[in-house]
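The next part holds the structures, each set out as structure tokens.
Look at the two complexes coming up: chain A is in both, with chain B in one and chain C in the other.
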Partner chain A sequence: MTDPTSATPEGRSVIHDLGYRPYTGARLGEGSIARALAVTGFRNAFGLGRSGRSKVLPFVLLALNLFPAVIVGGVMVLIGLDELPISYAQYASTTQVILGIFVASQAPVLFSRDLRHGTISLYLARPLRASTYALARWAALLAATLVFLLLPIVLLYAVALLGELDVTEQTREAGVAVALAVLLALVLTGIAGLISSWSTRRGFAVVATIAVLLIGNGIVTAVQGISSEEGRSDVGEVAGLFSPYSLYRGLATAWADVDALTPPTSAGMEALYALVLVGLSAACLGGLVWRYRRVASA
Partner chain B sequence: MNATILRLSAQALAGRRRGIVLMLIPGIVVLLAIVVSALTDDGQGYEAVANLGFTLALPIVALLAAAAVLGPEVDDGSIVYLLAKPVSRHSIAISKYAAAWGATIGLGALPLLVSGLVLEPSDPGRAFGWFAAGAVAGTAYSALFLALAALTRHAVVVGLLFALLWEGVLGNVLAGIRWVAIGAWGREVGAEISPLVGGAGTGLGYALIAAMVVTVGSVYFAGDRLRSFTLRGDE
Partner chain C sequence: MTVVAAVVRTVGLTKDYGPVLALDALTLEIGPGITGLVGANGAGKSTFLKILLGLVEPTGGRAEVLGHDIAAEGGAIRARVGYLPEHDCLPPDVSASDFTVHLAMMSGLPRVAARERAAEVLRHVGLAEERYRPMGGYSTGMRQKAKLAQALAHDPQLVLLDEPTNGLDPAARDEMLGLVQRIGRDFGIAVIVTSHLLGELERVSDHVVVLDGGQLLRASRTDEFLDATGSLLVEVLGDDAQRRMLEALAAAGVSAAARGGMLSIDVTDGAGDVHDLIRDTAGDLGLGLVRIQADHRRIEDVFAEPAGGAR
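Entry: the complex of A and B
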């Protein structure tokens, strides 16, 4: 064995073929990357695949969210009621604080961290466009929010069926609640995602999202309360258009068995409520894609 | 108390987007009061606006302020440079608390007074009652949230759960929560000035002592946490 250091000064340097090979397998395209990113994102939203400490928060919130449904189930079983004490669509309104905190606290996990630590450039070095990255992250948060919203509905539905309530009626009500939950999840995901992609400070993004969701709802509720006292429920109807939770409440009152102040009364207003929900979600998604495009080109 | 740390914390509060959002929340409350008073009779809608400002805006402002004076420095690790200075950790905590407290009173409690005066100029006592309620609750809130910020990275979420879920949602259902809810203590003090605020029924003495214990204990605890501070990476 010759001394390796002796090779260089005398100009006898050699390149050894150690048998390294390039990757020759199939290279997956953008679609597969996006799918993998969405699945990882969904798992990360619940802390799966991350440290034990980051699992605590989402699962505590999920447990808090399911807690009332479990109690309702227990009451149903023990007392044998002939209808659910809380309707499927009402549930999300009752737990809106927990729901808001979940979306607000998990959105920065998906949207802020890559921007703050600059790891976004590593993702974009792959054949992955910035807009696809944004869409994959958005889909991950949407799926997590849907799980959060739909689990209690499924639980209540199972209890209702096991309690031998009328199957057709329960299925119809649960179906309406699922449709409403999808609308609500779309808009919550859009707002939380947009805010946390703009503010990369985690705590700040959480508070800003909560402020938009809950203070917005608080203002609308105050206006609706005053307008119904004053006998001008048309004002409250229009005010309901200005916050995600009040939009949900309005539609839930119109389509399902929920009581709210100044619900939309005409078919046109209902359509407008649904239109604003969908339009707001689309606008937020558009803003998200635009934001990541700008980051990529910067 | 350290004037330099106080000044730096106040700058962190007022700086950039955080400052805008901090100003925006009380601005919205006052704006709502102006709009409501313009469109309705005297005193109409008072309860709704005061409730919004007291149960929602005040804790969120306090949380934002407390998290802003401590959170970013802990997040990016620059707090070690502050902790390496020969300044007592307790005086760091007290200085940071003073900045957060000032912001909470100015942007959380003062809007209650302003919107109260706008909505019902004929009864300033009621507005001052709400202001006193906001001042007492804001003092305790900002101390508690500062302690949380020194304790855990999830301070904001824990604080929101406390203020909105524990005091808000559960407090409406379980009356006994008034004994361990900062908002209820504030109302109790406010009700002493104007009964229209609606006290929670814990007794003035209990409310004041409890708010004081939480404030002093939390600030002391925050200083104590800074004394034995360990930096952790992002999760």
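Entry: the complex of A and C
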């Protein structure tokens, strides 16, 4: 700079202008950038790195979600039962409403916000490809959902060990519950993410996701209840394929110690439940990637 | 600066959206420095920038940015190019500081370096204490500065600024144009800046590219646009000065025409002689010669001419 005063066109006082310094340091590749985006997204899902107000909902939901596990812990310590009053796999079904609200309310934070405010164009103008962006956002929501699902299992497991229950049995049951939780997290993340990525309005995304998850589950449960009453549990079995929560319940009944109305009764049906769960998750992820590729070239 | 390498080079670049031909076989070369991209809305400016970023695939032709092919090396281009989009792109609940740090990281800078760079570019664009406030409460001028800061955060070699002065009041516009000028001249970063206001680009850019209906209307140095048109403007004072001067000049074999309060004189054959002739003629007629000046054109004139018909 030849003329230091040119930096202050309005004559504002500046102590000293160092001039422009080029950056000569490291430039990381797409993998590192995607990881940074996923970490930021994970923090944002819990309101971290955002305004104080946005931390309230996720943490209240997280506390509500852990509350039963804490109660169970207290009961175990005080009374000393010889088995957990609620099984690991049952827990997610018990708190499914809280879980649904969490996923529905935080998916728009990761997927709708950038579309709504146009920030997406700044991401796309950077080295990250549209599909990698979608994957990083998806991974962030998946991790946040997993925290929600796995924390209670860890807590219950710790309580069980402190209560000197059989370690082998508890580890096996907790392991199955973790596998089921991963399947559930995959499908919830996929559905909520896909809905949010198609909606620039947060409210719409929240309502639509809750409708699909909770109302869908309500309808399936009603059908299962009626079919069980009428002695046509095969109808209920098929109906269970149509909602993430009923798929989870069905598999949890088959694989763990959970009671459901019309669980899959044959090995083939079990496999179909698992297949639909995984296939739906994969389809949603594919839809997300496709969606952002389209946004990029629009 | 004595750099010669072209920053952008396109050959027959075409984008056909079906009903709309956004770019029509555009072949041009853009060098370092500040290049103004002028055109009416819908002339293909934004499409051109998006193609350069590798976001939109051209339907024909090819292009290189910073020596990288847009079709094969989009990632490498986007790592070293900064982009200020035309429309709004700032989340309201994030501070400019956090936002710039995050986007610097999204360009591949490690966290610590991203923090340093963000602080530096925010200082350069002139966002002081307000950088820690959520951007939702910013004025349009502050928002444009924040957008500019994120475009510079990763020290690009080229920045694409899409209508950076859009919606700004005159003072903020001057400040933004001053910043654009500093980026190109002092920071040594090549700039491509679009605008539909020609007067703005006339002031800051070294080169001007004029697009019209997806076609290249003209590309040349700004001073060539503003070059003498080959005529002189002369103002004379006295009784019936203009008419007498015109007649005298016509008698001397020089074609002239009245234009406002001035005379426009064609000097295509030998400017030196004409200057003397004007002085002498005015002296002989006893007229006061107020001024003789070169008749500069304005960029707007390019549009007034038929396409391709430069000078």
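Here is the rule we go by: the second predicted complex is superposed on the first by the 277 of 298 C-alpha atoms of A that agree within 3 Å, B and C clash if a C-alpha of one lies under 4 Å from a C-alpha of the other, contacts with A are read in each partner's own complex, and residues count from 1 in each chain.
Convention: contacts are C-beta pairs under 8 Å (C-beta built on N, C-alpha and C of every residue); 3 or more make two chains touch, one makes a residue touch a chain.
As the structure is a prediction and not an experimental result, all values here were calculated from the model.
Enquirer: Should A:293 be classified as contacting the first partner (chain B), the second (chain C), both, or neither?
Expert: A:293: touches no partner chain.
Enquirer: Can A:22 be said to touch chain B (first), chain C (second), both, or neither?
Expert: second
Enquirer: Of the two partner chains, chain B (first) and chain C (second), which one does A:113 touch, if any: first, second, both, or neither?
Expert: both
Enquirer: One more residue to check, A:64. First (chain B), second (chain C), both or neither?
Expert: first
Enquirer: Tell me the contact category for A:97 with respect to chain B and chain C: first, second, both or neither.
Expert: first
Enquirer: I'd like to know which partner A:43 touches here: chain B for first, chain C for second, both or neither.
Expert: Once the two structures are laid over each other on A, A:43 reaches no partner at all.
Enquirer: Counting only touches as set out at the top, which of chain B and chain C does A:206 meet: first, second, both, neither?
Expert: Once the two structures are laid over each other on A, A:206 reaches chain B alone.
Enquirer: Output check: A:105 vs chain B and chain C. Expected answer is one of first, second, both, neither. What do you get?
Expert: It touches chain B, and chain C stays clear.
Enquirer: Should A:219 be classified as contacting the first partner (chain B), the second (chain C), both, or neither?
Expert: first
Enquirer: Considering only the contact definition stated at the top, list the common interface residues of chain A for chain B and chain C.
Expert: 50-51, 54, 113, 117
Enquirer: Note which residues of chain A are touching chain B in the complex, please.
Expert: 50-51, 53-54, 57, 64, 97-98, 101, 104-105, 113, 117, 199, 201-204, 206-208, 210-211, 214-215, 218-219, 221-223, 225-226, 229-230
Enquirer: Spell out the part of chain C that touches chain A in their complex, as residue ranges.
Expert: 53, 55-57, 75-76, 78-79, 81, 83, 85, 87-94, 98, 102-103, 105-111, 113, 117, 120, 124, 126, 134, 150, 154-155, 174-175, 178, 182, 186-188
Enquirer: Which chain B residues qualify as touching chain A in the complex?
Expert: For chain B paired with chain A, touching residues are 17-18, 21, 25, 28, 32, 36, 40, 44-45, 48-49, 51-52, 56-57, 60, 63-64, 67-68, 71-72, 75, 154-157, 160-161, 164-165, 168-169, 234-235.
Enquirer: Along chain A, where are the residues that touch chain C in the complex?
Expert: Per the stated touch rule, the residues are 1, 6-7, 9-10, 12, 19-23, 25-30, 32-33, 36-37, 40, 49-51, 54, 113-114, 117-119, 121-129, 296-297.
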